[in-house]
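Think of it as A, B, C and D in the order they're written, each chain with its own count starting at 1.
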C-alpha cells in the first residue's frame, strides 16, 4: 500500500516530527477501526471466557477461515470495480467435487488441482465476458454462474465423495509450528494470497485500473484505461480465487460434496464490506477483507466458547454483535470524514 | 487454570455441535439433548452450525481448545471430519456421533454412532407399499404409480431413503416411481411440487415423501385439487412428528416410518459410559417403529413432539 | 500580448493537416447532433471550435476520439483514413483529450489521476515516489501548488479541472484537445494554461480548443471552425474575424442584448433597513475563517476572489450544504441554524452549485423532472405539481433560457454541458426564492445565453430578489453586483459598494492584501 | 373450471408468484434508491411466526377477527422492522447490504424464538384463504399481489414519490442540495419493503397453514432481486419499472413450475435455471441482439452511436 502517511510539509521535517504528527489518512480509517475493534472483541471475550486468549485460538481462526480469506480476496477485486460475484460459494462446492471425483478416477493430485483451478478460472472468464460484452448486470450473470456451478456439481455426483489421496491428506495435515502453536499450510497459502493481492492492487497498473473503474467507469474509459480487460480480469481473478478457496476447502474437509458452501458467497461479501470496502466500488483494501473474515470468525468463536445459547439466540446474538460492530466502526470512521 | 471442563470437579462437560434448526424434528432433537443434559447435571456446551460444515468443524475445534470432556455432534455431511477428529483424538477427547454417520477411514476416531438408519427407513416404507400394493392401486389400473417428494438434493437422508425405498419396491413390477422431485424437506416445497405433479399426471396412486412436512404439503395440494388424501391418493412419509401423526390418525396419511429425534437420554448414557471407560458398541441404532393409521390414533395423545 | 506565430499555415498550403474530418454525421435518436461537419487540424496551430450550447462541439470531439461511432463521414489521420473505436485507441495514436465534464476518478489521488495508465514503473511495479514527483512537477508547471498525494475529491471542481489538464499536457501528444478547460478557472490559471499551450503549439502540437470566452479565443486561437445546430458554418482565421462577426456567425443573427447589459448604479442603498440575510462570524474549521456578510432585499452581492479563496465554502455555509461550526446566521433577523439545504430552501434560499455534474445534474431523469426537482421537493411528495402547471413552467423556462433541444422529456444526461447548466438555473428560479446564491452560474454557457442569464438576474433583483453572485469571470461579477465582497485565503478581505470598480481595482485589492500578508508573516 | 374457479397450471403459477412478487415489489423501490434488502426472507418468517402464534393464542382460533387481528399485528411488526433497516441505512449511514444482513441473520433467530423452533400449524379458514382462496375465479394471493403492485404504481407515479426516489438513487448529493428529504424517503422505502415482505410471509404461511421459522422465505431475497433485475431495474439505482418487476416475478414462478412439470430430475434443476437465466438476459441485452442481427447479412445493425463503446 502506498505509504502516504505524512502531511504535505514533511519534506523538511525530522523523522521525529513525522512520527509525532502522524495522522493516518482518512481512507485507512475503516481498516484501522476494524483492526482495533477486532482486537477489542478479542480482549472482551478473553475476559469472559477462559482459554480464548490462547494464541492458538487466533491460529485456529486463520486455519478455520483460510478458504474464506481467499474468497474474500477475489471478492474484493470484484467489489472494488463496483461489481459483485455471487457464484463463489458454488464454485467452491464444484471445486471440492472436481477434486474428489478426479482423484477417485485415479488422476494425479496435481492434475486434479490443475483441473480445479482451470475450471474456476474459466467460469470466472465466462461471467466476466457476459458482464462486459453483453452488458448483463453482474448480479444476474454471477447468479447464473451460481446455478451453473452448483448444477455441474450435482451432475458430477449427488452423493459426497471422500478424498483419500495421500498427497491431499499430507497437505491437509501438514502443520507448521511456531513455538508451541501450530498453523496449517492452508492458512499460510491464504495469507500469501492476501499479500499478493495487496501488492497487485497497490502497485500494478491492473490494480490501479481496478480502483479507477470503481471510482467512475465512464471516466476510466475516457482516460483510455484498459477497462474491458480489467473488468473481465477481476471476474477471472475471483473465479480463480474461488477455485483456490475450493481447493483449500477440500483440504479442510477432505471430501467433495454438492451441499458444501451453500450461501458462502454472502459470508465472503459480508467480510469484504465489514472490512471497509464500499459496495459501490473504488474504495477498500484486501487487508480489510482479511480483518472482516476474522471478525466474522471471532463472532462464531465467541458463541461456541459461550456454549449456552440456544439455536435461535445464536442467530440473534450473531446479529447483535454484527450490529454493534458496524455501528462502532461507523462512528470511529465518521469522526474525521 | 485449564478450561472450564475437566473431570477434576466431577461434572462432565460435553460439547455438542448441532447441524442447525432446519426442521421441527431437529428442534425436538436439540431440546431432548439440552433437557437431558440439564436433568443429569451435565454441563452442555451447545452450538448450532446453521447447516454449514465449516461452522461445525470450527465449533468442534473450539471445544478442543476449551478442553471439554466429551464431544458429540450430528455431522452436517458424512465426509470431511478426519482432520478435526484426529485433533480431538490427539487431545484425548472422545467423540460420539449422533443422528448421522461420518465416513472416515479410521473408525477409532469416534467411539460410537447413535442414530437412525436412513436406508432402513426407506426400506420400511418400501416394504409396506409392496405388502399393500393392492389397496395402494387406488385407480385400479393394475400399476401403482408412485410420485416421490425427495429431501434436499444431496442430503444423506434424502439419498438413503430413496435408495432403501427403491430397493424394496423393485420386488414388485407393478410399482413404479413415475416422478420424483425435490421438495427441500419443507411443506411449501412439498405443496408446490405436488401441485405440479397433479397437473401433469392424473394417474397418481401413491405419494412417498421423505419427511412428514413434505407429506403435509402434498396433502394441501391434493385437497386443493379436489381429491381426498389417503383415499384418492395414498401417502407414505417418514419422521412421525406430531402434525404428521395427527394427519395419519385423521386418515390423510396412510403410513409413517418413525425417525426418532429424542436421542438425549441415550446420548448422555453413552457419554457417561465412554468416560467411565466402559465398552460401547460401535453402532447404536435408535429404537424406532412404524405407524399405521390405527396405531397413530392410539399413541397420538402421548406424543410429545 | 498575442503572439502571432509564423508556423501557422493558411488553408491550402503545402502543410498536411494532421487530422481531417470530412462530412461527419451523428444522430442520437431524433437529434441530429452533427450533420456533415468538416474540420481540418494543422500541426502547430490552436484551432478553436466555436458555437452555441448544443451546437455539437463536444460531440465532434467525441466522434474524433472514438467515444461515439460516426454514422457517416471520413476521418483521415496523417493522410490515412482511420477511425478510432475507443478513447484508448485514440490516446495510443497520440491524441490527448480533456473532455468537457471533468472525467477523472474521484477516489484516487491527484498523482494517480494524472498518470493512470502510464505510471512510472520499476521492476514491473509502480514507483509511487517517482509518480508523485512527476505529478508535482507537472502541476507546478501549471502553477498549481497542491499535494499530489491527496485524494482528488477533496479538491474543488476548478482544481480537478486543472488536474485533468495537467494529465493531458503531460504526455507527448501530436494532438491536444481541450473541451472548455477554462470554464471554472480564473484569469491567473487561464494565463498559465495559455503559456503551456503556446509552448506546445510552438513544438508543433495541434491543439483543439473550446471556450465560450471570446477574449480567450482571440488571445490564443489561430484558426476556428464555427458550428451552428450541428452544421458547419465556416472555417475562419481568427485574425480575420471581428468579435461581432464571430457572434453573428455562431448565432446566425445580430446579438443586441450584449450591449444593453451595463447596469450602472446600485439600485438599493446598501446598509439601509434590516438585512434579509445576515451572517456574523460564520466559519468552518479548515475551510473558512469567520466571515460577516449582509444581504439586503433586491441587492446583488458579488463575491470576487481567486481560485480557492473560499467563495464556494461561504456559499455552502449560507445554504446549509455544509454546517458551520462557528458564527450565526439570521434570515429576516430571525436567528437560524441551517442544518441542511432543506432548511435553507424552506427559508426561501436557493443555491446553484458550481459542480454541475456531481451536485446538480440528475442524469437519468428528464429535463422536466430536473427542472421541477427543487420545487417538488419543497412541496413534498404527496402534493405533485399539477400537470398543467408542470407543462407551463417547463415550457416557459425552456423558452426563457433557450434550452436546446426544447424537449421536456429529453434525458438530462444527453444535454450539452451548457444546456444542463441552464436547466439547473431554471430549477432554482422556479422555486421563486427570496435569496438566490449562484456559484458559477454561467459556467460553460455560451455568450448569448450568458447575456440572457445576466439580464434575468438583474431583472429579478429589480423585482426584489436578493442575489449572491460568484463567478470566476470578474467582469461578470462587477457588471452585475451592487456591492462587492472580495475574498482571499478563505476569508473576507474587503467589502465596498460597487461604484464603477474595475477588474484592475479588484486584482489590486487582492494583490495588496497578499503583500500585506507577506510582510506580516 | 372447478368449484367455480379456474384451475390449472396458469392459476397455480399466479398463486405461487405472489410471495416473490410482493417481496420484489418492495425490493424494487429499495434498489431504486441504490440500496438492497437482504432481510426480506427473515422478515417474512417473522410475519408468519407472529401471525400464526397470534392465531393459535387467540380465544377463537377459526374466527375471521382472529385472522384479521393477527395479520394486522404481523404487518405492523414488519413495518417496524423495515423502518429499523431504514434507520441503519439513512441515519447511521451503514451500507445497505450489511445493515440488512444484520436483520437477515438475527431475524431468523427472532422468528424461531417466537415459534419456539417448532413448526406451528394453524387452523383458520380465513387465514388459509389468503393463499388458497379465490375471488372472481382468480387466486386471492395473486390479486393481493397485483393489488399491491397497482397501489404502488399509483402511489409512486401519481404522486411525486417515484421521481424523488429515482432522484435520490441517481444522484444523492444533487438531490440533497435540491432539498429532497432523502432520509425520509429511504426510511419509507425500507419500511415499505418490510411491509411487502410481511405480506409475502403471510401468504407463504397461509399456503401451508403453518410456519417453519427456519425455512420460510429462505433465499427469497435472491429470487426477488432476480425478478427486479430481470424486470429492467438496475442494481445501481435510479429508474425503476414496476411492470418489469411484475413480469420478472411471473417469470420466476413459471420457471419454478416448469421444472417439475417437464420432469427435470432434481440434480439438473440448477443447470436448467442457469441456462434459462442466461438465455433471458442475453435476449434482453441490446448488444447480444445486435450481434445476432449482424450475423444475418443484410439486416440493419442496431449498434447505436450513442452508447460509448
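The criterion applied here is as follows: contacts are C-beta pairs under 8 Å (C-beta built on N, C-alpha and C of every residue); 3 or more make two chains touch, one makes a residue touch a chain.
Worth saying up front: this structure is predicted, and the values here are computed from it rather than measured.
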If a chain touches subunit B and subunit D alike, it appears here = A
Query = Where are there more C-beta contacts: C-D or A-D?
reply = A-D
Ask   = With chain centres defined as C-alpha means, what is the inter-centre distance between subunit C and subunit D in Å?
value = 44
Task = Please work out the Cα centroid separation of subunit B and subunit C, and write it as a whole number of Å.
result = 71
Message = Using Cα averages as centroids, what's the distance between subunit A and subunit D in whole Å?
response = 29
Key: Distance from the mean Cα position of subunit B to that of subunit A, given in whole angstrom   = 35
Task = For subunit D, write out the residues touching at least two other chains, lowest number first.
result = 112, 117, 266-267, 269, 308
Message = Residues touching two or more other chains, restricted to subunit A: which are they?
response = 154, 158, 218, 221, 310-312, 314-315
Request  = Any chance you could list the residues of subunit B touching two or more other chains?
outcome  = 20-21, 27, 30, 153-154
Remark   = Pairs of chains in contact here are A-B, A-C, A-D, B-D, C-D
Query = Tell me, which parts of subunit A touch subunit B in their complex?
reply = 50-51, 54, 56-57, 60, 63-64, 67-68, 154, 158-162, 164, 169, 172-173, 249, 252-264, 297, 300-301, 303-305, 307-312, 314-315
In the complex, subunit D residues that touch subunit A = 34, 38, 88, 92-99, 101-103, 105-110, 112-113, 117, 213, 222, 225-226, 229-230, 234-236, 266-274, 277-278, 281-282, 285-288, 308
Request  = Using the touch rule from the top, collect the residues of subunit D that touch subunit C in their complex.
outcome  = 158-161, 163-164, 166-167, 170-171, 173-181, 185, 238-239, 303-306, 308-309
Key: subunit B residues touching subunit D - in the complex, by the definition given at the top   = 20-24, 27, 30-31, 150, 153-154, 179-182, 184-188, 191-193, 195-197, 199-200, 213, 216-217, 220, 224-226, 241, 243
Note = In the complex, the residues of subunit D that touch subunit B are 2-3, 7-9, 12, 16, 112, 116-119, 121, 132, 204, 207-210, 212, 214-216, 256-257, 259-261, 263, 265-267, 269
